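Listed next: structures, encoded as structure tokens.
In what comes next, chain A is part of two complexes: it sits with chain B in the first one and with chain C in the second one.
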Partner chain A sequence: MVEMLGLLLIFMIIGAVIAIETKNLLSSVISVGAVGFGLSIAFLMLRAPDIAITQVVVEVLCLVILIRATISRDVTGISCDREFFAVVCAAVFLIAIFLFGIKALLALPEFGTPVMLLIKSAPTNTYISEGLKQTGAANIVSAILLDYRAYDTLGEATVLFTAILGGLAILRRKAKKEVTQIVEDKE
Partner chain B sequence: MKGMTLIVKTVTRWVKGFIFLFGLYIILFGHLTPGGGFAGGVILACSYILLTLAYSKEVAHRSLSRAVASELDSVGALIFLSIALLGIYFGGGFFVNFIHRLSPGEPFRFLSAGIIPLCNVAIGIKVGSSLFMIFVILSAMRVIVRKSDNGREIIDNRRKHPR
Partner chain C sequence: MIYLLTFVLFSIGLYGVVTKKNTVKIVISLVIMEYAVNLFLVLLGYRKGGIAPIMEKGQEIQEFAAATVDPLPQALVLTAIVIGLGVLALMVSLCIRLYEKYGTFDISEMKRLKG
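Let's look at the complex of A and B:
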């Protein structure tokens, strides 16, 4: 299973590179979609069906919106000389993150080992052993999302609500028409 | 926007109800099987987005107009918040699962887990209507303000570059 996961990761990396490098905007969006569906299969192989469902569904929605938004746009590339200082900074950051990333990955437990087995006092152990009795929900993910960690879900709902408010305030159609009306009335 | 071909329209007519039903199932059984309010709400939004893409914006707005979607968005958020506030009154704390404390249902049954199914329904309503509105305002509206010949700005709904 680990080999399949590795193949899937390589496929996703190739898709991401194509998405960045291609000139056509539509094929770039489709490559991003391939990366997302590969990620959902990876979630399914790691036995996280809840996240896999959400990933597939949100991926479909985002692809539809992106394709509708980009299908009649031209690519406006920015072509200018690279600054020496910015390139040096980027290289230093990349090397630093690479070195510390290797260090962090070596400190992780072996692949497939649940971290809560290593720390006995982790709250996850309580969720798994007492979750059904305390909340009555058979799906432990729902129990954690909406009972133990309901504050986080409330925050997530607030973020979505604020995003809608901002989008509607910027993109509403009525105000633009009225402004045009004023311009026409002056003449 | 005239919609797509006859094949797409026919398939959409058959499939849209099943997609909506699947979204409802994911929401209502979120406390028993994988899924929940967020995923189910996105599926509900997807059924309306399919309607918008296959037919037209007007057909989709006939069953769920923008004003109704906006109200549903607010109503879902208010239901979620009022469930949390009822927890203070009945259970003594914000987001306390008071229904489960008062009458714990039988586990693995539909009527169990207290406020969790109610929260799932509220989040499903909220996420579904708000994502449909995101789709409408981001991609279904195509308003281009351009200068006409005599210098006035006019609103043009046509595509700038015909495909």
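Let's look at the complex of A and C:
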């Protein structure tokens, strides 16, 4: 189980390296799709079917959006890297962050023991033991999403709506028509 | 060990954001970072040999509570995935707009952005 997860993660890491280092934008997008579907399988192995389904749907949409951005643009061979000094600086800082990250990861509990076992007053314990009685939902994840933390889901919908509204406002073409008309009238 | 591999994935995304010049590459690196963080949060809630947090018919609550994985990170990651899609759409529309204005995805050729 853990070994399978490790193999899947190595596959995802290889996909990510290819996605970042390849010269062709379209193959870069396809590689990121491979990483996303690998992530979906990883969620399935971690006993999270709801997230796995959502991840597949989101990944397909994500690929469609990214391909829409890259296809039919005639720039395919691109992206010479930044200057040598900048890359060296980035590498040094990344290694520093990585060392501190290893220190922080060692402080975590062993893989396979969730925090709810260590802290008895964690909210998760209430959700699990009272969830069916209080909300009537057999799926505890949807009980949390739609009942205990319903305002959180409402906020999520608001953020999604705002992001799409922002995207539409950015992509709109007829923005300055009225302004130019006013200027012409004055002249 | 699994945590470490997830952190490697996150670092690859961070490297891409810092060193790449192409805007679409930067967006892709951000997406990879987001994947790594989501996976890390779900990993934190995993229990060895656990079952999915969905009750079966006729199952005792005590028995269920002793076997299930942590549902709280899963619920929050579900929110984060959907928000990530919205943010991605916004970033890509910015990229398309910049391409229409400057005719390139390369951030070092967008002269008027320099202060």
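Convention: the second predicted complex is superposed on the first by the 150 of 187 C-alpha atoms of A that agree within 3 Å, B and C clash if a C-alpha of one lies under 4 Å from a C-alpha of the other, contacts with A are read in each partner's own complex, and residues count from 1 in each chain.
Heads up, the rule we're going with is that contacts are C-beta pairs under 8 Å (C-beta built on N, C-alpha and C of every residue); 3 or more make two chains touch, one makes a residue touch a chain.
In this text, all values refer to a predicted model and were calculated from it rather than measured experimentally.
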| item | value |
| --- | --- |
| Fit or clash - chain C, chain B, common chain A | fit |
| Chain B versus chain C as contact partner of A:54, first or second or both or neither | both |
| Partner chain(s) touched by A:135 [first = chain B, second = chain C, both, neither] | first |
| Which superposed partner A:4 touches (first chain B, second chain C, both, neither) | neither |
| Touching partner for A:92 - first (chain B), second (chain C), both, neither | neither |
| Chain B versus chain C as contact partner of A:150, first or second or both or neither | first |
| Residues of chain A touched, compared between chain B and chain C (which is higher) | C |
| Touched partner set for A:114, first chain B, second chain C, both or neither | second |
| Contacts of A:167 with chain B and chain C, given as first, second, both or neither | both |
| First (chain B), second (chain C), both or neither touched by A:64 | first |
| Smallest separation of CA atoms, chain C relative to chain B, angstrom | 6 |
| On chain A, the residue positions that both chain B and chain C contact, one per complex | 49-50, 54, 58, 61, 65, 68-69, 132, 138-139, 141, 145, 153, 160, 163-164, 167-168, 171 |
| Touching residues on chain A, where the partner in the complex is chain C | 2, 5-6, 9-10, 12-13, 16-17, 19-20, 25, 28-29, 32, 35-36, 39, 42-43, 46-51, 54-55, 58, 61-62, 65-66, 68-70, 73, 75, 78-82, 86-87, 90-91, 93-94, 97-98, 101-102, 105, 108, 111-117, 123-125, 127-129, 132, 138-141, 144-145, 149, 152-153, 156, 159-160, 162-164, 166-168, 170-171 |
| Chain A - residues contacting chain B, complex | 49-50, 53-54, 57-58, 60-61, 64-65, 68-69, 71-72, 74, 132, 134-139, 141-143, 145-147, 150-151, 153-154, 157-158, 160-161, 163-164, 167-168, 171-173, 176-177, 180, 183-184, 187 |
| Residues of chain B that touch chain A when the two form their complex | 26, 30-39, 42-43, 45-46, 49, 53, 70, 73, 77, 80-81, 84, 94-95, 97, 100, 104-105, 107-108, 112-116, 119-120, 123, 126-127, 130-131, 133-135, 137-141, 143, 145, 152-155, 159-161, 163 |
| Residues of chain C touching chain A in the complex | 1-9, 11-16, 18-22, 24-25, 27-29, 31-32, 35, 38-39, 42-48, 50-56, 61, 64-65, 68-72, 74-79, 81-90, 92-97, 99, 104-106, 108 |
